[in-house]
Amino acid sequence: MTTKMSGARRWFPLAILLTLMFNGTAFAQAPSEGPSPADLKVMLDTLWVMMTAFLVFWMNAGFGCVESGLCRAKNATNILAKNFIVFAFSAIAYWIIGFGIMFAEGNSFLGMGGLLLSGADNSPATGDAYQGIFTSLNWTGVPLLAKFFFQLVFAGTAATIVSGCVAERIHYKSFIIFTLVLAGLSYPITGHWIWGGGWLAAMGMRDFAGSTVVHAVGGWSGLAGILILGPRIGKYRKDGSVQPIPGHSMALVFLGGLILWLGWFGFNPGSTMAADPRAITHVAMTTNLACCMAILSSTLMAWIMLGKPDFSMTVNGALAGLVAITAPCAFVSVTSSAIIGLIAGVIVVFAVLFFDKRKIDDPVGALSVHLANGIWGTLAVGLFATADAPGGGANGLFNGGGFASLQAQAIGTLAVGAFTFALALTAWTIIKLVLGLRVDPEDEERGLDLSEMGMEAYPHDPVRG
Amino acid sequence: MKKLECIIRPHKLEEVRDALDKMDVHGMTVTEVRGFGRQKGHTEHYRGVEYKAEFQPKLKLEILVRDNQVAETMKAVQDAAKTGKFGDGKIFFTDVQDVLRIRTGDRGEQAL
Amino acid sequence: MTTKMSGARRWFPLAILLTLMFNGTAFAQAPSEGPSPADLKVMLDTLWVMMTAFLVFWMNAGFGCVESGLCRAKNATNILAKNFIVFAFSAIAYWIIGFGIMFAEGNSFLGMGGLLLSGADNSPATGDAYQGIFTSLNWTGVPLLAKFFFQLVFAGTAATIVSGCVAERIHYKSFIIFTLVLAGLSYPITGHWIWGGGWLAAMGMRDFAGSTVVHAVGGWSGLAGILILGPRIGKYRKDGSVQPIPGHSMALVFLGGLILWLGWFGFNPGSTMAADPRAITHVAMTTNLACCMAILSSTLMAWIMLGKPDFSMTVNGALAGLVAITAPCAFVSVTSSAIIGLIAGVIVVFAVLFFDKRKIDDPVGALSVHLANGIWGTLAVGLFATADAPGGGANGLFNGGGFASLQAQAIGTLAVGAFTFALALTAWTIIKLVLGLRVDPEDEERGLDLSEMGMEAYPHDPVRG
Amino acid sequence: MTTKMSGARRWFPLAILLTLMFNGTAFAQAPSEGPSPADLKVMLDTLWVMMTAFLVFWMNAGFGCVESGLCRAKNATNILAKNFIVFAFSAIAYWIIGFGIMFAEGNSFLGMGGLLLSGADNSPATGDAYQGIFTSLNWTGVPLLAKFFFQLVFAGTAATIVSGCVAERIHYKSFIIFTLVLAGLSYPITGHWIWGGGWLAAMGMRDFAGSTVVHAVGGWSGLAGILILGPRIGKYRKDGSVQPIPGHSMALVFLGGLILWLGWFGFNPGSTMAADPRAITHVAMTTNLACCMAILSSTLMAWIMLGKPDFSMTVNGALAGLVAITAPCAFVSVTSSAIIGLIAGVIVVFAVLFFDKRKIDDPVGALSVHLANGIWGTLAVGLFATADAPGGGANGLFNGGGFASLQAQAIGTLAVGAFTFALALTAWTIIKLVLGLRVDPEDEERGLDLSEMGMEAYPHDPVRG
Amino acid sequence: MKKLECIIRPHKLEEVRDALDKMDVHGMTVTEVRGFGRQKGHTEHYRGVEYKAEFQPKLKLEILVRDNQVAETMKAVQDAAKTGKFGDGKIFFTDVQDVLRIRTGDRGEQAL
Amino acid sequence: MKKLECIIRPHKLEEVRDALDKMDVHGMTVTEVRGFGRQKGHTEHYRGVEYKAEFQPKLKLEILVRDNQVAETMKAVQDAAKTGKFGDGKIFFTDVQDVLRIRTGDRGEQAL
């Protein structure tokens, strides 16, 4: 407490701070002994939750790179801008109402309260010691803002998935409005059902890190958008055959793919929301192995079916494996994760071909990755779950648990899908009527960078000297 | 023989090529160019300043044809490339004195 | 201690190591009980400090991407090289003299000692238990090298800001020399005033993570450089109007923007230099919210004023919000952070227009981001600070604290600005006289990649087969 | 245990979980007291190991960016795909047999057992308390899956190094097969000698984070591949002079360089495999300083010898410094690390010139970085090691330790080099006979993206409208 | 009509265009090219080896003009593009037999 | 004077230039183009769909020569650029009416 210490970085001695936080229990100890084990655990869990949340935040860069890389240069600024801005708008919407709807006390269908994070809360107290309105998050012993921040980056992910589906033809402003609906309303409602203590949770549906809660929800919303928007000009020839529209940069796709893979080490292991050694290492292992196996199977499938090891399928395969293992990562054995990943890599290849055949024009393969494998991953819990895994709980079909778990997973998948799809269709339709959804054909051909953004992604240099 | 040069809008390439496919035109060479003409440049924005990007992206097609193909080729390209708005581009042609096919050494119309 | 354990990775049993470090207190415990709570806290704090320092280090990539993306392809290698090399040179200068000047004992204006990290130091001891020459850092219980490493990545950031200001026209070698002056002398001196226990700290000025210490200092140094260098050829037409010189890659700008945003989760929350759950989550929250709000306001401002949602303004807005919240992040409420961010997004748009009108040619908007919002953020502490925030301390004007804090912030802003600007002007002038500063007009037009670096960023492929 | 808690994210109360893991010791404490210090240390160590493993994983992106940036656009998809897929295949091979060969009990030359991670193991128990087959890793108190995951990302790195050496001329499938041999067999065997308690470890050879184990091994394997493949068409003119083949993007090289630098903060400090404050800060410091010094010396060397500050040499210099400090980072003083880095930067420049003169066509400089400096770093331990450094152990030559350590390092370097080179030559030769190694000259000239991958990296946009 | 082709230094484009603006020249088409000539290639460095990059970045302007505009156009371009150092480039012209404006179907000088 | 235009395979540039070096040819201008002709387009794959990329990357060389150099230049280029497979490209030439060297104002053959 000399003058030296009165500098800007002076910090309240930790003991006092902890006292304020933990109802004075710290004081019982002699200061020289440092924080109590319970305090230390809160610190550890908070560190883990925040560091993994940062990794999940980083996935925004991954989505932006993959999506812009798989689109044409004339739309690149637009897609990059969407991916940049979507997190900001989601964050604001989720802060204002989304988090409350998802996690505040309410009924089985909706949280009510928690606007702007208001309301009683004595986090990091856990279990019965917790007193506040976010009871559904009382299992993790971190401060409320850590809970919020971690959940926020997940909400942002769901919103980002949509931007790939509707790429290269949608009005910038219309997309932004939809983002607000998704992050503020749709995602929190179905999220409440599963993670917020709602009816699906009560029914026994399990989704560890969000194959359904995040990925399928993003996928269904995007599918609704695609159906209302229609395919890009030139994607399907008059004879009905597919005219591929190659993206402009495999370097961006590569980088984005690895950013997402890295981010998933936050997404899944971070969803323990506790620095639990056994659980986080198990989840990191299953996550990584499913991804590697899906790379193997998607690459081989493409190689065998097409004669060449299509790199965009390799990357889509990786993401497919990651999406599929997201729900089961803590509930299945390492071996099961390998199988889940292998199958995910096959699903993604067929899904891409299927959607193309159906003239559902999904420029970046978001449906094949997030929707198809979001569903697969959710059902995989019902098949492969084992009580021996760190997540515990009921066994799945293949481990002698019968159909109980699978049924809960299937109902959850359907219910969330139906609700999200219906809400998204409604929202897209209203936005279309009020603001318009699709840019003029001429603008689409010039590219959205000029028509919507007024700014090329790669302005020509020599022409301007 | 003549060399036709056609300045067209980039997204018209596919249609033009399909039109030529139906005729006896064996090939072409395409260059990305930037054009400047009656078409108003588009407005771009950059860090708070609005400015005219006067040069429009265009494609230049170079097509070698026999003398008697000139008229129909021009028409085919025009029909395919026309939108009726400023900036559709031009077609012009010059006299080519001889052509050689590198692969075979064929000369003249044989080489087209 | 079998042969197996004598491998390269053999590790001193931790108990012994800790003994060496913490004066034997560990020995008092039975080894089976593991480390003491105090030891565990040191571990936790060190983990946090190092992981966040890595995130701040990563900002070098962000600056390089944003700056090169906003410049022309013909100067890209040069700008990338500057951003790569600047950290290396800063690190060496800061290791040799910078850190000592900033944090060693000395007087109110200058630390004296600590060359090459020499001098007494018993970190991680804190408070009164600390015995050594870096008393101004005795509030954080981490080893000296953690303190150094964390401070080093901040020094590197300040140096990097300048590279954007002087881009596309400065000699590579002249820039490198200036970097040494900035990281070795200028930054540490003013840093000493605020973070090293100097006169501004004594006066009550507060700058949590460096709106002034890092960002405004970088901005003032860059401004001096710009004034001496003059605008790039072609930036201003004969009639005085602005001829924008678009950068060559919005993909790089996007990626750089998100890298910086991610890095800021190290910059601000890491500045706690302790794994303090309440503080780090609060700071992460205010940091993120200010950024999101600034994205909102800068995008809307650009959209309304220009008719298009200029993406480069969106990214500059994000950075503006982050710079602005850097000083107040631990001292203000969440709501205040939203307001600070909103205003930052407006400031950045007007600042860009202002500097352009004044013919101050700042290719990447570094002044609008780091200088204008560095000042705004510093003053915002005096307006919005609240004793209830985890950083504690005096209330600001709007929370009934009167003008006291605001006055300290204003004096600090002015003093640091005046000193830094004068020193930078002097340094640039001397470098200009001795080495030359600006490349020949012909070289500027060919691009610095050929003239300075002898290497194109994107060599043409087909021409060489 | 209300309905709220039965949601998917319900988490076993930590106390129970820990009980399962740590043989019930947790139960001795009252639950309200939280985890025991020993438990907390396991948590901390696991957090550190996992977070640093994520950073090392991220290096895959860095290698991909650097390598593709230094190659031509017509081969970019191929190189990116190799870098993406190599980790997946290495991971599978390492999981199935590699990890067991490297760390399971066996003899001095080979681990035997541990297939698919099977076998007894009571990690995180350490030292004498450890009972299982991976005794050589009993010095780190983290769960087995953490040990595996951390070692896995290192194995992936070794495999990635090769992809740069053989770039722009090898069949995709042949490279993949070699990857399996390297990650499943070659790397684990020599790794066993040094890190798995084998004969080199017994002899006293030390390699903290893998200058030899990872980098030189990757380099020797790549050298064998280069010798069998021969130079790229056009690299050497008929008169024997070198025709440089510039890479296509310095932006990718820049980004990759910084990603690798960041990743090295996982690679080296993470190799403590424990959250040991003194050790991790020391290692981060030496790692960073060696890198900065190597940047300084390589840039100056290039500038003086060539008249221009060749940016690709700056990046190669950075990586050279990082590779060189990898073995000694925990065994040498900060000052020694500066010297080691300075020398590494000089070595890399001469090595590039040397390999070019010998017509050893290494497109990305992988040999100069990983092989030459892998050797240098390994020997540097024998020269600069000091018992005072956190890694402890014998002093090196310059600290009065005589030639003992240097000799062990030299023998280790030679033995690993000879074995790896011979095995790689054999493997490459067999693959060449069975599958073919080099693409047709015509395909090489068209680029591997079309011939091997069927997919351009940057498809032309305007031509397709 | 004639087609003027002008090989110029990239950074001279703006000046050339301004010069043509003052004359009755309605448009042009610009291509990025690489030139090789008397101008010594610049030296580049790559991984320790110095080498000549013999091809210089240039712009090629193609300008269709009426026959009577040829002389003044050439002069205007020359004045604007000249630096007096090796590598300033060339202007040459060929005969164009006919021009068609895609948008309107105008032919000949009408189409310029 | 004549302007030779040669469409060649990109990797043949070096050889062609070396061949011209040995003759009295002072310079050339190179453009990246995309060609379409008898050469079958290569097959590309994209997200599960195979498609023909009909346009092949080619280089176009423009070489101004004196009338009496035409024959030997064509031969030199042909020899250097030939592989004998579809897609080797074409050489053709047109009449150039005048050339001006921007740097000096030289006209005609002086300006080459």
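For clarity, chains are labelled A, B, C, D, E and F in written order, and residue numbers in each chain start from 1.
The rule we apply is simple: a contact is a pair of C-beta atoms (placed from the backbone, for glycine too) under 8 Å apart; a residue touches a chain by one contact, two chains touch by 3 or more.
It should be emphasised that the depicted structure is a prediction, and the values quoted were computed from it without experimental measurement.
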For this session: Note the shortest touch-path length, in steps, from subunit B to subunit C.
Result: 1
Problem set entry | Homomeric contact subunit E-subunit F: same or different residue positions, threshold half | different
Seminar exercise, completed: The assertion on subunit B/subunit E checks that the Cα superposition rotation, as a multiple of 5 degrees, is 120
Exercise. How many angstrom lie between the CA centroids of subunit A and subunit E, rounded to a whole number?
Worked result: 52
For this session: Indicate the whole-number Å distance between the mean C-alpha point of subunit A and the mean C-alpha point of subunit B.
Result: 47
Exercise. Out of subunit D, which residues touch more than one other chain, so two or more?
Worked result: 36-37, 40, 44, 47, 51, 234, 245-246, 249, 255, 306-308, 310, 312, 445, 453-456, 459-460, 463-465
Exercise. Which residues of subunit E are in contact with two or more other chains?
Worked result: 11, 14, 30-32, 34, 44-46, 50, 55, 94-95
Seminar exercise, completed: In the complex, the residues of subunit E that touch subunit B are 1, 3, 17, 26-31, 64, 94-103, 105, 111
For this session: Spell out the part of subunit C that touches subunit A in their complex, as residue ranges.
Result: 36-41, 44, 47-48, 51, 55, 72-74, 127, 135-136, 138-140, 194-198, 201-202, 204-208, 234, 245-251, 253-255, 257-259, 261-262, 265, 269, 271-282, 284-285, 288-289, 291-293, 295-296, 299, 306-312, 314-315, 318, 327, 334-335, 390-392, 445
Seminar exercise, completed: Listed in rising order, subunit C residues that touch subunit B in their complex are 70, 242-244, 246, 302, 305-308, 310, 312-313, 316, 349, 352-353, 356, 365
For this session: Please name which positions on subunit F make contact with subunit D in the complex.
Result: 9, 11, 14, 34, 42-46, 50, 53, 55
Problem set entry | Of subunit F, residues touching subunit A in the complex | 44-51
